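Chains: A, B, C and D, in written order; residue numbering restarts at 1 for each.
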Amino acid sequence: MAGPIDNDRRLAVEIAGIHFNNPVIGASGTFGYGLEFAELVDLNRLGGFATKGLSARPLPGNPPPRIVETHGGMLNAIGLQNIGARAFIEEKLPLLRSYDTRIIANVFGYSDDDYIEAIEILNDGEGISAYELNISCPNVKEGGIVIGNSPSSAARLTEKAKRASTRPLVVKLSPNVTDIAELARAIVASGADCLSLINTIVGMSIDVNTRRPRLSYGTGGLSGPAIRPIAVRMVFEVSQAVSVPLIGIGGIASTMDALEFLIAGATAVQIGTANYYDPTVTMKVAEGLSSFCKANGIGRISSLVGSLRTQ
Amino acid sequence: MIETVATAESNRELAEGYLLLTVDLKDDVLVGAGQFAMVKPLASFEPVLRRALAVYRVHGPRRVSFLYQVIGSGTSALARLGRGDKVEALLPLGNSWTIDDQVSRAIVVAGGIGSASVLMLCERLASSRVETRVLLGAASERVAVGCGLEDFRALGLPLVLTTDDGSLGEKGLITAPLERELRERGGRAATIYACGPWAMMKRVAEIAEQFNTRCMVSLEAPMGCGFGVCVGCVVAMKTDKPLGYGSYKRVCTDGSIFPAEAIRWEVNAMTH
Amino acid sequence: MAGPIDNDRRLAVEIAGIHFNNPVIGASGTFGYGLEFAELVDLNRLGGFATKGLSARPLPGNPPPRIVETHGGMLNAIGLQNIGARAFIEEKLPLLRSYDTRIIANVFGYSDDDYIEAIEILNDGEGISAYELNISCPNVKEGGIVIGNSPSSAARLTEKAKRASTRPLVVKLSPNVTDIAELARAIVASGADCLSLINTIVGMSIDVNTRRPRLSYGTGGLSGPAIRPIAVRMVFEVSQAVSVPLIGIGGIASTMDALEFLIAGATAVQIGTANYYDPTVTMKVAEGLSSFCKANGIGRISSLVGSLRTQ
Amino acid sequence: MIETVATAESNRELAEGYLLLTVDLKDDVLVGAGQFAMVKPLASFEPVLRRALAVYRVHGPRRVSFLYQVIGSGTSALARLGRGDKVEALLPLGNSWTIDDQVSRAIVVAGGIGSASVLMLCERLASSRVETRVLLGAASERVAVGCGLEDFRALGLPLVLTTDDGSLGEKGLITAPLERELRERGGRAATIYACGPWAMMKRVAEIAEQFNTRCMVSLEAPMGCGFGVCVGCVVAMKTDKPLGYGSYKRVCTDGSIFPAEAIRWEVNAMTH
């Protein structure tokens, strides 16, 4: 598990004034509250992680079945079961502060007010580096994607959230749109400091024998390697449309996958589903990036960001 | 809980469609009866998710075996493993069967491959002073053999067998002898340990309630991670405030073993 | 290769007055001009096939590389290389007429006029059962997705095409939209007799070593098993929004996959990418559907269409 | 062209990373020198696409072998095949090497695993009255062995070898001896048959043009189907009306063998 990366300065990146040891971040909903991984990975070796979506009040989530596997990925409709912003501050943050890793609080609400309320609670939490506004969760009847698929409502909420927030604001984009560049522009114009993308793509799987959806919620969000090419394309499109830093997400499972996103225009990456089937993947990728820099004489990984050659 | 790359020592077919996979681990593990692992052949791309398998047996700090039924792509991939092949594994996971002082008389009920998560429990009961009876139900004699019949016989505990087709033991469901036993000898003093398909667990829970018998069940749910972070493997719990936070618990970390009376059985946790 | 399906009346379906022997159709761009498969599958055992996109004049297509494999699928940017509508009529149709299978001419153009011109040429072609308007190809700078992602321009072209066409009009939907139900409604309101969905999803793959896109065109269309859950969801959404028959497409590689689409609301299915890696898959699925009906005592496969149970 | 499920008869490693797969087919096939097959282990889900492999040798109407280098997931999956395992195969595909009356002196040039598509051509030349010289280039002696060195030696044809590291034969690229041969003996009367990576084919084409030597090349391109329907495997052709219809031809069906002078070499057909 030892590796040079503790002090591999080449991997350091900065987003909205926040320093990350490296560009590898655990994705929301796949990294729990971070502590679940302490036994498996050295959190100090990661750039950081995004918490499970936190709401003002705890949420029970959707009835089972909540997940179903598909070719190259999985569908989920967890429905944002979470302990709530307050419990996160009281039960998790104190333990997390001992690590040298950036904590991004992923925020969710059913309405604009819910989001703001959650942010105001989290503002008291010491040790949170930034907020990630989850306006792209496809598994809820209100909030999430309902807000995030419309540039106008997304912009409206972003503006309110930015005002309420004492910390840099990352807004997480829904891929379920016709023009993600337009959506990105509207959100950046309303004050987002950074954009993360993509969240899951709405999908459905049917049990032919019962003729019912395999998920109790009906539809679910598709994640995993299957969606990577779509995510890379969207990161590139958005990088051409806005100038704030981007966090690339979608099917990343290896060092090469992560590099694709950096070259496409992402300053950092989040790894999601791969954590489930390869729990130490974040650390492996961080070490892999370090080796890649060494092998290719790259002084700063950030020099790769947006380096895609198009003719 | 350790993340390790294990090496297949053997992968033997006990009966058509049922294999016993024994692996050597790189590090020591301490596995409790009823705990499981998330496994997958090394560097295999499809299916992407690991599979949950109960630890069937522990042969030493670094050698364990799994007994599994071939169902679909994941278990088929495991079935292709040969001696020396590598297996990614995360273990041990979930809680364990507990034999506390309240347990004076134990009834172990397993349906089909559910047997895999109770063999170690039976071993411990056999070496305890607890009066134990083991009830194994299977579709047929072949399946019973595939589910480790010989290993259970070797324990020397009183064994009751049922098969759907009557090819071995009594014809019918394993819940029949369970009910008979409780009716004849009463349920209060007994403790039921059960593992099997959802429908069977539900029925066992009803019977336990009917006879006021303490009952622990090991449940199955589709698992994304196996260690508590995806929150995909939940079962519905009986709670005072229905649909409040806490209505759902994770099979992988809050279970897989639950007191039967805590489960809302009308909500099936399985996809199929 | 013998099977009961020649005379398995249970599998017959009708779309816009056209009779199909069974609901299994080869998808455009993956079934060539049909004849390429004559050596491998008995075309009489299929419901039919859709030709490679035909334009008024032959098109050279994009420079290589045109395809790249991804997890569970592939990206393509062929750029509609095709022999042209006239050559299809003169060189292919005469040979195709000897088969008892429905021929759907997939039509493409860079502009409304191009589309209409192609349709007018094809109107002379004897043996074509219907047209499939490809307003969803992502690999061209004009036409295709440029028209198909906008309900208004899609509706405008549909109306013109319907007027110009002497045959039933199928319009093929782009999945690269926020609200596919809205798009479907607009197109049906303008006269489409049937909708087929989905076309490919825009994606990108980057060669980390050269820092260039793996496709010369830059982006490409994602197809294959990876996109199936997205396609099933969209077919279900559209089935709830319009009443014309639907043809389900996306990652179908087995009988069970095909059944998912029928249950979701498709009257027939098209199989695409799977033809590449399993050239006889169409025939296998047709036979599989036959066995499924037998095993489950289903008298008419059409009774499964839209039979999804949602609570 | 037949679609069949073949059975692996053997899958032997000739050198690290280079294997010889011999399969038995269910039906007869007639394979021409230089033709290829699209293959994939039966019921394997990832990668999804089949892989293009030249038919290295024909041992009878129903037994052929493939010589392949392990590159990524697809060839790795093939490398795991054992005796008796099933392989999905579509073959024979593409055109064949032609030895017409114009050919009096043949120079066969192969780079690396490109050797796989010329062994049968060499066999036919060896049994003809055509004066033949075989030029094999490889990275090292190990690679040369992996690319079938012994099989080529066994043909008894004059053999020139080069390796990048000089571990076998002359140090350097195979194009050096080719150029020398043409300079010394003149190119007009000769015919070059070449197969290897794009860069090498491009260089061979330049040399052939320089010496007015007839030259046929077998090309590689990423393939979706292998039988002409995806139009994904194209190479750019020299045409009077650039970018008109016909500027691109399919390697799988219009090739894989093309006259070198017909190709627009500045447009690389390979993804990597």
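Quick notes
Throughout what follows, contacts are C-beta pairs under 8 Å (C-beta built on N, C-alpha and C of every residue); 3 or more make two chains touch, one makes a residue touch a chain.
No experiment lies behind these values; they were computed from the predicted model shown.
Least step count on the touch graph, chain A to chain C: 1.
The chain with its CA mean position farthest from that of chain C is B.
Averaging Cα coordinates per chain places chain C and chain D 35 Å apart. Measuring from the averaged C-alpha position of chain A to that of chain D gives a distance of 46 Å. Taking each chain's centre as the average of its CA atoms, chain B and chain D sit 53 Å apart. In chain C, the residues that touch at least two other chains are 71-73, 210, 224-225. Across the assembly, chain D contributes 45-47 as residues in contact with two or more other chains. Those residues of chain A lying in contact with chain B across their complex are 29-32, 36-37, 39-40, 52, 57-61, 63-69, 71-74, 76, 78, 81, 83-84, 207, 209-210, 214-215, 224-225, 273, 275-280. For chain D in complex with chain B, the residues that touch the partner chain are 45-47, 73.
For chain C in complex with chain A, the touching residues are 70-73, 75, 149, 176-178, 201-206, 208, 210-213, 218-220, 222, 224-230, 232-233, 236, 251, 256, 259-260, 263-264, 307-310.
Of all residues in chain B, only 1, 3, 38, 40, 45-50, 88, 90, 221-236, 243-248, 267-272 touch chain A in the complex they form.
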